[in-house]
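Consider the two complexes below, in which chain A is the common component and chain B and chain C are the respective partners.
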Partner chain A sequence: MNSPWLSLSQRVALYKTEAEMDLKTLWRTPGFILPCLAFPVLFYLLFGVVLSKGQHAEYLLVSYAAFGVMGPALFNFGANVATERAQGWLTLKQISPAPIGSWLFGKTLSCLLLALLIILLLFVCAGAIAGVRLYTSQWLSLALVLLLGTIPFCLLGLTLGLTLSAKSAPATINLIYLPLAFLGGLWLPLQLLPTALQQLALVLPSYHLGQLGYAVIGKDRGEPWWVNVAVLALYSLVLLWLAARRFQAQSHERR
Partner chain B sequence: MSEPLIRIRQLCHSYGNTPVLRQLSADMSGGEIIAVLGANGAGKTTLIQLMLGLLSQQQGEIKILGQAPAQIRRDPQLSGQLGVMLQQASLPGQLTVLEQLRLFSAYYPAPLDLQTLIERFGLQGFLQQRCSSLSGGQRQSLLLALALLGQPKILFLDEPTVGMDVQARQRFWQLIRAARAEGLCILLTTHYLEEADALADRILLLKDGQFIADTSPTALKAGLNQRQIRCHSSLPLAALQQLPGVSNVVALAGQQVQISSNQVENCLRQLLQQDPQLCDLTVSAASLEQAFLQLTQTTAETQQ
Partner chain C sequence: MKLSKNSWLGLAGIAILSTFFLLLPEPQPVQNSFVLGPVRVFDGKQQLPEPQYIEVRHGLIHSISAQRPDPDAVVIDSRNPDGSPQWLMPGLIDAHVHSWGNAQQQQLSFGVTSAIDLFSAAAQLPQLKSSRDNIHQAQQSDLWSAGTLVTAPKGHGTEYGMQIPVLHSPEEAEAFVAARKAEGSDVIKIVYQSERAIYKSMPSISRESLQAVISAAHRQQLKAVVHIAEQASALDAVEAGADGLVHSFFDSRISDALLQALKSRDVFVIPTMTVYEAAVRGMTARQVLLDNTALDLPMAARAALGTSRNPRIPAALYQNLIENTRAMHQAGVRLLAGTDAPNAGTYHGLSMLLELTLLQEAGLSFFEALSCATAIPAQAFALPQRGQIAVGYRADFLLLPALNQPADLLSARIYKNGQLVTLSRNPPQRPAVKAGALADFSRSDKPLQGAAFAASSDQMMQGKSSASLTLQPQQSPASLRVDGKLVPGLAYPWAGVAWSAAADYQQGLDFSAISTLQFQVRGSIGTYRLLAFSEGNQRPAELTFDVTADWRAVQIPLSQLTGIDASRLSMLVWSASPTPQAQDFVLELAEVSLLSNSEQ
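Take a look at the complex of A and B:
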């Protein structure tokens, strides 16, 4: 076999550079970062602290944190990939010798960092303003569950980004994001929704992400945790397969 | 000599039932600039996309450095030897020129020294500028620098100077000539015939999916027997049409006319006799543009 294209140290440097550049791109787009950070925090303060007088502060912390981390995953992968595609930038990368993994790594890392920032902001609001008290192990597991739980949404975003046009992507992703959050029980507890919608929730990834979070504070609906994990894993696999197919098909649609 | 860097044999391609490329064959080697010319829809973009493996091949053979284009996306050893400037590719706007250069040089095991590259491409003045704020010429220079950064053997340039002003284009041409001097095989598609004339060693003229010419710009123009007469004349256009060998008469501003003829000496003799007031006379040889028009039109007529 041929020797590898890049040496190990060059490969590490490439992954670092890709991550640095994607983070810089995100950071310099305040129009993207600010809504991603502000919406979950504002919703939490309004519904979790002011309107409910702090009664459901714990429950709603999980809700809005799960809602919050879905945002950067869907949008950084969805809308931004659609734009890179429209600019011909993705094609240029595909025919460059860069491994596609480094590009995905950069995007995933910046999503996770943004998600972590959202989680920390909400934790601070919950602890300092809403008076939520949890064990350290609960804070930590909640953060971990939510971070890992963004992966299926990153893949959903990627599939959408490789499918939608740059113009329609933001609107379409909102049309998926908001109903997904609502129907998954992240805005209102599921018990308040009609039975038919409660059953629909069982097939949504947002529901299972929420349940994993609620389980940390003992407020889930009682399915074994591995069911939630299995559904999210299944979503991830199917979406990964779809995204790979869309990626392969990319070049053939340009004319 | 050695193996050609690009080898095309009996290449055919169609979209549905519409044939776009028919039986194309050509070899391309290092140290030459090859311009692929053709009207819109002649199949230039399809040809480039096939060569880059961006379209799946249907019939015939393409070998890029001895390998099939489909390998470009799989084998970095192959794609690492190609430099590509795609038509109207824009850069992600939030990164600076320097960041973009750093990112691309991380793709290659032995990239060109960035400092040298920056000086050679005149990028010093706007290294810290975001890519979104670059002028057309600056952006294209950066894209060319990115294409050459990995020291490729083959350079693909798809409409590289669209949106550039005259000076930027002249500088850009210098950079491309320098790349040729280093032995690169450069494949250029362009809408600007003066660009092909100024740069290309070879012109592949694409018409209805076939190469109707594969020759140097000089030979292409020499093959054309038409020349042009421009003058101020008071003769009516109908009379000018009757002059020997005239194929076309165009009325320009004022009383200026432009006459195309393939017997320019006979034509002039009669013209001067018939119009004693004639003035401002110039006679010019064919331009590549005329050669292009004549070649693409005559084949269209003979086919009908």
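Take a look at the complex of A and C:
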């Protein structure tokens, strides 16, 4: 797995190839991309623009953007990894001399690209239709926060993909994705939920991603930003460790 | 150097992305950097000796100097037509409000740039902090809040139909305060009435609990302020270590012992004379605002400030209130201007002018009274960068042609975070109701206009009355039947049927074009009341009508509903009238309709 015999340029080439391949796979499955893009955009247009008459367009932009970027992270990693595992593709990757990092790199890149597309689409809707006005620095920081914020969800997706069977993965991930968004305060403002659920939100990564986003527009709940970052980082570390364990277990199972 | 195809693609991507972000719409640039001058300055504590130039940068006061700081800077000329410099003073701070709905907009529109909320829903707390940190806004006042207050089971604060946690024993104090702190309370407000109080209104926490809560608050680095209504309770609160009293009292003249204690422990007092005066004497609002025909006041303000005199309180007690404030001022006790808006007889923002007038009546000079509404509350509640014209402070200030009396504040140009405030003092217009039927009970009890008909009784205020509704669509005329029981006990008992304009009771409908409310009634024989509420006004207009066993038509001219704002009517209640004994009744209501002016 360490592939010490590869030169740097060979490595770069491998990373590039993996990225290209994963993007191609993505491109060839519009059935996955289109809902990923359409869901947050339609939700935003419906709830943020039509139903609320644009009153909370700014707040809901952050909500649905955070909700949106979690989608590809969970599904592109979760469901796809589970499928590739079932097809034996992961086994092939594990025994092939190519560094496994390149495979992860390809997946992460396509996730980020999808997330970026969602963010850009939502920004266009917000700026052109919903009348949201933010400083360029705010638009940029919001995009950056959301992109970086996908990392713990990528790792959550990876852990799930390495755990679940190909058949159960999509349904299970939905069962995690939707409640995570709802309980994290991304569909309804948290203060509208019962107190017990508000307390629960504090331990969910979706809540902390949302808060970092709301902080950009000055509508967060007032925790210091580093608390949100620390929780997301902690989630990332724990999930990375879990994913690594699952990954090791995969190789052992085959022996 | 030759670039590969991929590098070109990458560069193109970066270029497109950069263009995209640059094209995204930005807010209108805010004008929050400028120089203002020359102005005469009252800085919150004193009058500065000579006219000054105030330089504002990005919403903060950057420098104050007698010389014009930068010859190239945009200088906003601040001279009166006769060439004399205008006045500049810090934005007002109302030290006692209850804020919800559009209260913060209303406050700012009258020059209150910061306020202390002493009990409202805890859910809004997290939002308050981030919005007062926002230095780009000029849409609302900055609010610090106590959130949920500390009170006994069934104590004051529990009667508003809002479920709140209550304190049962001193042992719970530490955790109770910690819970408030976690919710985001900026200060702890305690409701307390002494065992020695003669007129006991509602259950109170014990003196031990009071002591425990104050100590817990101090251990957790929060200030503790106490709601009291009489001298005995005030003394207990001060001895228990309270940082401030959020009301004064008028049951008796203040004793030397209490004065000494207030002074030696440096306890501040928010006398809230406005809300007391409105109930006890009811003259100041008329003298300062309502009778001054030159003032353009919102209808809602006239309605709110107009009526609230409570005839059961002897007017002579008013003198105690003024004399107690005078004594505290003379003894050097810190006084803070607070209004207790939006309680009966008050209006956010405008009531501050009345409080200033009353402080003057108690012997303070006008500028001393202004200190009580600016620098002193900011210091007492440790509000950062607020309440003074000083370098590094928020550019929250009022620019005035003259500064001699409270009514002058109405002609201020108001600046919030260095931006000129352009809010309308008139609250947003409500949709108008149309003349014609209000309901069709042959089809449904859902009204044709407005939100709902519902049974309503004083149970929501912990009273014992009750009511239930039955729709009778088959009868002629189709009607809504109330089976109710009116039980005396509360100050204002009621039971009957209520029509509400909107689901949240906070938004009304405009009835200005309607002259008459007409309906058919029959039921248990007696005199009944129609109560009409307008937005933000807790005291309804009240009219009576007679009910017999046979159907009869009742016409109520809306011109008789005095003291409320008909352009934002939020609720109508048909209720039984209080009798000495509890009484069951049946009331049937039919053919409720509105007649317009032209139909008369």
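One rule holds in what follows: the second predicted complex is superposed on the first by the 247 of 255 C-alpha atoms of A that agree within 3 Å, B and C clash if a C-alpha of one lies under 4 Å from a C-alpha of the other, contacts with A are read in each partner's own complex, and residues count from 1 in each chain.
FYI, a contact is a pair of C-beta atoms (placed from the backbone, for glycine too) under 8 Å apart; a residue touches a chain by one contact, two chains touch by 3 or more.
This one's a predicted model, so the numbers in the text were calculated from it and none came from an experiment.
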Handout entry: Clash-or-fit label for the pair chain B, chain C on chain A
Key = fit
Practice task
Have a look at where A:13 lands relative to chain B and chain C in the superposition and call it first, second, both or neither.
Solution key: first
Fill in the blank from the handout: Check: chain B-chain A-chain C angle from CA centres, nearest 10 degrees, reads 160
Practice task
Quick one: classify A:98 as touching chain B (first), chain C (second), both or neither.
Solution key: first
Exercise for the section: Could you tell me if A:191 is touching chain B, chain C, both of them or neither one (first, second, both, neither)? Expected result: second
Practice task
Check whether chain B or chain C contacts more residues of chain A in the superposed model.
Solution key: B
Exercise for the section: Identify the partner contact of A:139: answer first if only chain B is touched, second if only chain C is, both if each is, neither if none is. Expected result: second
Practice task
Answer with first, second, both or neither: which of chain B and chain C does A:127 touch in the superposed model?
Solution key: second
Exercise for the section: Return first, second, both or neither, reflecting whether A:220 touches chain B, chain C, both chains, or no partner chain. Expected result: second
Exercise for the section: Could you say whether A:53 touches chain B, chain C, both of them, or neither, answering first, second, both or neither? Expected result: neither
Practice task
Using only C-alpha atoms, work out how near chain B sits to chain C after the chain A superposition, in angstrom.
Solution key: 17
Problem - Footprint overlap on chain A, where chain B in one structure and chain C in the other make contact - result: none
Completion exercise
Touching chain C in the complex, chain A uses residues 16, 120, 123, 127, 132-136, 139-140, 143, 191, 214-215, 218-222
Exercise for the section: Report the residues of chain C in contact with chain A in the complex, numbered from low to high. Expected result: 6, 20-22, 24-28, 123-124, 126-127, 129-131, 133-134, 136, 184
Handout entry: chain A - residues contacting chain B, complex
Key = 2, 5-7, 10, 13-14, 17-18, 21, 24-25, 28-29, 83-84, 87-89, 91-92, 94-99, 251-252, 254-255
Completion exercise
Note: in the complex, chain B contacts chain A through residues 15, 45-46, 49, 52-56, 72-73, 76-77, 79-80, 82, 84, 86-92, 94-95, 99, 102-104, 106-109, 130, 150
